[in-house]
Amino acid sequence: MSPLKLIRQRNLPNFKKKKAGSAPGTVAHIGRKVLENMSINILDYDHEKITIEEIDKVIECKPFAASKAVTWVEVMGLHETDKLKTLWDDFGFHPLIQEDIVNTLQRPKIEDYGEQIFIVMKMLRIKDGEIQEEQVSLVLSSDYVFSFQETDEPFLDPIKTRLQVENSRIRKSGTDYLAYALMDAIIDYYFETLEEIGNKITEIEDEIFEKTKDSHLKEIHNLRRELINFRRSVWPLRDGINSLLRDESPLIEAETKLFIRDTFDHLFQVIEMIDNSREMLSGLYDMYMTDISNRMNEVMKVLTIIATIFIPLTFIAGIYGMNFANMPELNWKYGYPTVWVIMISLTFVMIIYFKRKKWL
Amino acid sequence: MSPLKLIRQRNLPNFKKKKAGSAPGTVAHIGRKVLENMSINILDYDHEKITIEEIDKVIECKPFAASKAVTWVEVMGLHETDKLKTLWDDFGFHPLIQEDIVNTLQRPKIEDYGEQIFIVMKMLRIKDGEIQEEQVSLVLSSDYVFSFQETDEPFLDPIKTRLQVENSRIRKSGTDYLAYALMDAIIDYYFETLEEIGNKITEIEDEIFEKTKDSHLKEIHNLRRELINFRRSVWPLRDGINSLLRDESPLIEAETKLFIRDTFDHLFQVIEMIDNSREMLSGLYDMYMTDISNRMNEVMKVLTIIATIFIPLTFIAGIYGMNFANMPELNWKYGYPTVWVIMISLTFVMIIYFKRKKWL
Amino acid sequence: MSPLKLIRQRNLPNFKKKKAGSAPGTVAHIGRKVLENMSINILDYDHEKITIEEIDKVIECKPFAASKAVTWVEVMGLHETDKLKTLWDDFGFHPLIQEDIVNTLQRPKIEDYGEQIFIVMKMLRIKDGEIQEEQVSLVLSSDYVFSFQETDEPFLDPIKTRLQVENSRIRKSGTDYLAYALMDAIIDYYFETLEEIGNKITEIEDEIFEKTKDSHLKEIHNLRRELINFRRSVWPLRDGINSLLRDESPLIEAETKLFIRDTFDHLFQVIEMIDNSREMLSGLYDMYMTDISNRMNEVMKVLTIIATIFIPLTFIAGIYGMNFANMPELNWKYGYPTVWVIMISLTFVMIIYFKRKKWL
Amino acid sequence: MSPLKLIRQRNLPNFKKKKAGSAPGTVAHIGRKVLENMSINILDYDHEKITIEEIDKVIECKPFAASKAVTWVEVMGLHETDKLKTLWDDFGFHPLIQEDIVNTLQRPKIEDYGEQIFIVMKMLRIKDGEIQEEQVSLVLSSDYVFSFQETDEPFLDPIKTRLQVENSRIRKSGTDYLAYALMDAIIDYYFETLEEIGNKITEIEDEIFEKTKDSHLKEIHNLRRELINFRRSVWPLRDGINSLLRDESPLIEAETKLFIRDTFDHLFQVIEMIDNSREMLSGLYDMYMTDISNRMNEVMKVLTIIATIFIPLTFIAGIYGMNFANMPELNWKYGYPTVWVIMISLTFVMIIYFKRKKWL
Amino acid sequence: MSPLKLIRQRNLPNFKKKKAGSAPGTVAHIGRKVLENMSINILDYDHEKITIEEIDKVIECKPFAASKAVTWVEVMGLHETDKLKTLWDDFGFHPLIQEDIVNTLQRPKIEDYGEQIFIVMKMLRIKDGEIQEEQVSLVLSSDYVFSFQETDEPFLDPIKTRLQVENSRIRKSGTDYLAYALMDAIIDYYFETLEEIGNKITEIEDEIFEKTKDSHLKEIHNLRRELINFRRSVWPLRDGINSLLRDESPLIEAETKLFIRDTFDHLFQVIEMIDNSREMLSGLYDMYMTDISNRMNEVMKVLTIIATIFIPLTFIAGIYGMNFANMPELNWKYGYPTVWVIMISLTFVMIIYFKRKKWL
C-alpha cells in the first residue's frame, strides 16, 4: 500500500471546487473523471417477481418507477450531467440534491427533503493495495431508490444476489429496507478496509520490535493521514443515521428502524476501530522515537567506552615519548614492562567500572 | 503476563468477519472455535424450589420456560449454529439477536426488542497470566433468561450458588433480577482483572524507579494496548445500562432498577480505573523517556570528563615529544618534573571545575 | 506566502480597541484604515426588473429601500462614521449593530434584533500570497439587505452577476435568499483559501520527506498560527447559523432554510478541513523533530566510527613512540610490519563490528 | 510528604475487593482495618437544648432518633459489622446502603432512596506530611443524620462546636442543614489539602528554577498521581450534588438548597484548583525535561570546546614528533618558537570563533 | 512584566482560607489587606438629576437607597468587616452574600437571591508591568447597585463620567443597566490586559526566531501560568451571564438583556483570545525545544568535523613518531613531503564528504 500517493490524488486540488459565489443547484461535475460512459441498471421487484434490465436511454426508467413494485435504479458514472439533469428533473429532485450528487467532494450526510431522503456516503475499498474512495449517493422515495456511483465497480452486487432469492426479507420489504441494505453493505466494506489497515499496523509493530527502520516513520505518518481521512468519511454519517432513527419520516417504517439501529451500531464500531488504530499508531510513533533515543544512547556508549579506555593510555604513552634528557624511568631496566602493567591494570579497572554501570 | 500475544490473537484478522453485503440475521458463527460440543444447563426456580438439569436436546428446555417459575438457560459453546437456530426460532428470537449472539466480535450493547431485552457483554478474566476475552450474551424475557457463552468456563457459578440459598432475594425475584445478577457478576470480574493490571503497573513503576530496562518499554506499550481494548469492551455498556434505567420497559421492575443503578455505578468505577491506569502508564512512559535522557547525560559526562582532562595533558606530552634540535626545556635539569607538576596541577583545576559544575 | 507578517499586522495591537468603559453603541471605527472614501452601490430588483446604481449621498438610498422590490445596499469603506451614522439612524439600526459594524475586530456572529437580523462574517482570501482578512457585516430586514465591507474588493460580484440573470431563483426570492447567497459566497472563498493552505502543507511535506530545512519549522509554525486564526474566524458562525435554522424568525422563509442548512453543512466541512490541516501540520512537526533526531544520530555515528577506529590505532603508535632504552620490539627485524598488520587487522575487526551493528 | 508510599498503600490490592458474583447487600468490611473498637456519639438537639452522649450499645440510639429533635449519630470504626447490621436493620437501611458504608473503596456518590438520602464522600487530609484518605458516609432522613467514618479522627468537631452555640442557624434548622454542614466541612478540608499541594509545587518550581535535581522528577510524578487520585475522590460528587439541587426530594428544604448551591460552587472551585495544579505540574515536567536538554547541551559544549582546541594542537605536536631523517623545520633555529606561535594563534582563533557562536 | 512574582503572591497560601467547618455566612475578610480605610461613594441619579457624594458613616447611604432614583453605592476597601456587616444587615443581604464579598478568593459567579442578584468578578489590570487581580462584587436590587472593591483604584470612573452625561441611555435606564455597564467595563479591561500579554508573546516570538535565550523558557512558563489563572478568573462568568439571559428575573428588563447578550459575546471573545494565546505559547515552547535540539546538532557537528579530520591525521603522525629501528620510510628522501601530501589529500576528502552531507 502506498497511501501517500493516493492521499495526494484524492485530497488535493487537482480537484476543482465549485466556483465561489455560483448559484446553488448548479449541476456541474466536480472531481476525477473515471468513467467514459454512464450506464443505468433497473431492478424492479416485489415479493413475487423481479425484473433486471440495463437501459440505454434515461427515459426508459420512468415506467418502472411508476409501477407499484419497488424500483432500484443503479446509475454508474456521473459525467454526463445533461442526461442526469433530464433524469432528475423528471423525478423532481430538489436542486440541492442534484448539485450534491455530482459534487464528489461532498461530506457524507443524510437529508430529509419530505418526499425524498437523500443519502451521501463514501465507498472505501482497498484495491491493488491502495484505498479507493468513491462517492455513493442514494435517493429514497416511497416508490424507488436511486443509487449513484462514480465507477462501474460491482460492489453493490451482493445486494443484487440477495434480491434474487425469492421470499427473502428484502424481497418482501419496501424501499426503506432496500436503502438500509445498500447502506449496510457499504459500511461492511469499511470493516474489511480497517482490517487491512490493522494488519499493516501489526506488521509495522512486529518489525519495530525487531529492528526499527527509517521507512517506518513514513509508513506511520501515511497511515495516520489515511485514518484522518477515513474518519472524516465516516463520522458525519453518525448524525444523519441518528436523525433517521429519531425523526418521524413517513418513508421509514418502524420495523426497518430496528435494522437501521443495527447499522448505527456498526458505524460506531467502525469509528471505534478507527480511533483505536490511531491510538496504536500513536503508540508506535512513541516506540519509534524511543528506539531512536536508545540507539543514540548505544552509539554514545560505544564512543565513551573506547575513548575513556584509550585516551588515558595514549596519554601515558605520550609521557614516555617525551624527549627530556633527564627521564630516569626510560633507563630503568623494567621501565617498559612496568608501563605495560600499568596500562593493562588501568584497562581492567575501566572495564570493571563499565560493567558496574551496566554499559557492557 | 504476555499481553502482546493475546492482543494479536484477539484483535486481528484470523477472525473472519461477516461477508460484506450479506443479509442481516444470517446465523453464522464468527470468531475462534473454542468448544467442540455445545452444552445446555437449565435452572428453573421460584422462591420454593429449584431444579437444575443438564439437557442433551435443545427441545427439552421448552417445558421449563413454559412453567411459571423463572428459567435460566445457560448455553455454552456457539458452534453448532443449526441446533441454536432451532432453539431460537422456537423462542421467537429476532433475526438480529440471532446474528449477534454468534458473532463474537460484537460491540457490547443492550437493546430492547419489546418482548425481549438483548444484552451483549465481554467477559474479561486473567487466566494463566493472560487476559481471556469471551463474549457473553443475555436474552431476557418475562419468563426466562438465556445466557450464551463461548467456553465452558464456570464463571457464572457464584450465581448458581446464590440461587440455591432458599429465601434469598434472587430466589424471590423475577427474571429481571437474575439478569441484573449475571451482569453484576461479569462486571465484578472487571475489578479483579483491573487489579491485576494495577499490580503490574506498580511493579513496573518500582523497577523503573530502581533501574530502567529496555523491556519496560514493551511492557508499557502492551499494557497500553490492553487498556485501549479493555475500555472498548466496557465503555459502550454505559449507554445501554443508562437506557435500561431511563426507559420504561415492562420487563424491568422499579425495585430492580435500584440495583441496576448500582451496577451503573460500578461500571463508571471500572471506566475510571481504566482511565487512571492509562494516565499512570502515560506517566511511566514519561519516566522511562526521562531516564533515557538522564542516562545519555551521564554517559556524555563521563566522556567529557575523561576527554577534557586527558586531551590537554596528551597535548603537553606531545609538545615535548617533538624532535626540534633547539628545545631548551628538554635539557633543563628539572624539565621533566616541572612538566609533571604542570600536568598534575592542570588535572586538579579540572577536577575542581567539574566539582563546581556538580558533574562529579 | 509569508503568513507571519500578516498575523502580526492583523492580530496585534496596532489596532486600537474600544476604550474600556465607553458606552455601548458608540460608533467609532476600530481597525485599519484601508479606504479613503466610502462608496455605496444600490441593487434594487424584483423578478421583473433590476436597477443598479452607485450613489453619492447616503440619503439617496432611502427611496430604493422604501420600494416594494428587494434592495441590496452595498457599502464599501467604514471610516466615514458620520455618514454611516446618518444612514443607520434613518433605517433604525439598533445602537449595538451600529457599534459592531465599524468595530472590525468583531467576532463572527448572527443576532436577531426582531425587525432586523445582524450577521458578522470574516472574508478570508489569499491575495499576493497572503491571507487578507476583512470584516463583512450584513443587516437583513424584510425590505433590504445591507452589506458592509472594509475594502472595495469586488468579491461579492458573482452575486451581482447572478442577479442580472432574469428568472433566476435569486431574482424570484426575497431578502432572506439574498442574504443566504451572500453568506454562501463568502464561505465558498474559505474553501479556496484552505486549498491554498493545503497545497502549501503538501509542498512542505514533500520537501521534508526529501530533505528537512530549518526554514520548514518556521513555515509549520506560521501555518499553525494561520489555522488557529482561521478557525476563530469561522467557528462562531456555527451557533449563529444553527439558531437561524432553529428559531422562528419571520424574516426567514421555510424554503430558504433548506438552503441555509446546506450552508451550515459547508461550514462544517470548512471546520473539518481546518482541523484536518492542523492534524497534518502536527504530523509534519513530528516528522521534522524526528528528522532532527535522526540527523543527530548520523552525526554521532560518524564521530563514533572514526574515533573508535583511530583512537586505539593512535594508542599503538604511541606505544612505539616511547623512548625506553629497553624496548625489544623496536629492534626486531619485522617489528614495524608486524605493527602494521596488527593495526590493519584491528581496523577490519572494527569495520565488521560496525557492519553488524548496521552503522555502516 | 512522601506521597508515593501512601498511594501504594491506598490504591492497590492489599485491599481485598468484594468476591465476584457475591450478592448485593452483603455487609462485609472492605479496606484497611484502622480502629479496634467502634464508638458511637449521639447529638440530639433542637433550637432550645442539646444532648451530647457517647453510647456503648447500639440499641441505645433508638430513643434519640425517635424524639422530635434532630439527631446526629456519629459512628467511628466500621469493623464490627455485626453490631452495625443490627443498627441498620433497626433503622431500615436499604441493603445497598449497608453494603456501601462498609466498602471503603466506594466511589463518592449521592443517592436518593426515597425515605433516606445516602451520601458517600472522601475525607482527604494531610497528616504527618502524607495525604490520609478516609471514607465518610452520611445517611439523611427526616429525623436523623448518621455519619460513618473509618477512624476516630475528630475532623467533624467544628460542627459539634457550632451546634453548641444557641440560636445559631444550625440549631434552628433540620436534618438537611446538618447534612449540608457536614458535607461543607469535608469540602473545606479539600482546600487545605490542595493548598499544601500547591505549596509543594511552588517549592519544587523554585528549586527547579535554581538547580534541577533527579529527585524532582519523582516528586512531580508522585504529585501527579496524588492529583489523579484526588480528582477521582471529588469529581463524582458533582453529579450527586447537582441532582440534590435539581430533584424535588422532600428531605431537602428550599432554603437549604441555597446553601447546597454554595457547596456546589466550592466543589467546582476544588476541581478547578486540582486541574490548575495538574497543568502546573505538567509545566514543571516540561521545565525539567528542558533543563536536562540544556545541561546536555552544556556538557557537549565543554567537550567540543576542549576537543576542538586541543586535537589540532596535538596533531601539530605529532607532526614534529615524527622521526623522518629529512625534516628541515626541526633544525631551523626558530622552528620550536614558531610552532608555539602557530599553536597560540590557532587557540586564539578558536576562542574567537566560540565567542562568536556564544558558546563561551 | 515579572509574572512569576505576582503569581506567587496571588496564588498561594500567604492567603489564609476560611477555617474548615466554620459556619457559612461568617463575615471574615480573607485575602491581602490593601487599604487602610474603607471609603464609600454614593451616586444617586435619575434622568433629570444626579447627586455624587462621599459619605463617612455607613448609615448615611440609607436615605439615598430609599429614594426613587437609582442609587449606586461604591464601597472601596473590605477590611472593616464590622462596618460592612452593619451596612449589609440594614439592606438585608443574605448571609452567603456577606461571606462571599469579603472572601476575595471567591470564584467569579452570578447568583440570583430573588430580591437581589449577586455578581462576583475579577478585575485584571496591568499596573507597573504586573497583572493586578482584584475582586469586584456587585449586588443589584430594584433600587440600588452596590459595588465592592478591594482597592481605591478608580477603574470604574468611566462609568461615573458617562453618568454625568444628561439624557444618556444610562441615565434613563434602571439599576439593571447600571449593573450591565459596570460588568461590561470590567470585561473591557480584560481586552487591554490580553493585548499586553499578546504583545509580550509576539516579542518573545521575534526574539526566539532570532536567537533563543534561556530566559525565554521562564518567560513562556510564566505567561502560561498567567493565562491559566486568567482563564480561571473569566470562564465561570460564562454560566452566570447565561443564566441571567435565560432566567426570568424581574430585576432584568428585556431591553437590557440585549446588552447583556453583547457582554456575553465579549466574554466569549476574551476566552477565545486566552485560548489562542495559550496555543501560541505552546507553539513557542515547541520552537524553543526545537532550537535546543538544533543547537545541540550544531555543537555535535563541529565536534565531529574537527575530530574526524584530525584524529586520522594525528594517527599518521603517530606512525612516523614510532622508534622502530627498521622503518624504511623515515629515510626516504621524500618521506616527509609525501606524508604531508597524504595528510592534505585526506583533509580535502573529508571536507568534500562533509560538504556532501551539508554539514559545512
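Here the chain labels run A, B, C, D and E in written order, and each chain numbers its own residues starting at 1.
Please note the rule applied: a contact is a pair of C-beta atoms (placed from the backbone, for glycine too) under 8 Å apart; a residue touches a chain by one contact, two chains touch by 3 or more.
Because the structure is a prediction, the values reported are computed rather than measured.
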Field: Both-way neighbours, i.e. chains that touch chain C and touch chain B
entry: A
Field: Count of contact steps on the shortest path from chain A to chain D
entry: 2
- request: Please state whether the interface between chain C and chain E is built from the same residues or different ones, using more than half shared residue numbers as the mark of same.
  value: different
Message: Only C-alpha atoms count here: how many degrees separate chain A from chain E in terms of the superposing rotation, rounded to the nearest 5?
response: 145
Statement: CA centroids of chain A and chain B: separation to the nearest Å works out as 26
- prompt: If you average the Cα atoms of chain C and of chain D to get two centres, how far apart are those centres in Å?
  reply: 42
Task: Note the residues in chain B that touch 2 or more other chains, in rising order.
output: 293, 296, 300, 303, 307, 311, 314, 318, 321-323, 327
Message: Which label fits the chain touch graph of this model best, line, ring, star, complete or other?
response: ring
- request: Follow the ring of contacts from chain B in the direction of chain D and write out the chains one by one.
  value: B, D, E, C, A
Query: In their complex, what parts of chain B are in touch with chain A?
result: 8, 11-13, 17-25, 94-96, 107, 109, 111, 113, 211, 214, 217-218, 221, 224-225, 228-229, 232, 236, 285, 288-289, 292-293, 295-296, 299-300, 302-303, 306-307, 310-311, 313-314, 317-318, 320-323, 327, 329-331, 333, 335-336, 339
Query: In their complex, what parts of chain C are in touch with chain A?
result: 155-159, 162, 168-170, 181, 184-185, 188-189, 191-192, 195, 198-199, 202, 209, 258-259, 261-262, 265, 268-269, 272, 276, 279-280, 283, 286-287, 290, 293-294, 296-297, 300-301, 303-304, 307-308, 311-312, 314-315, 318-319, 321-327, 358-359
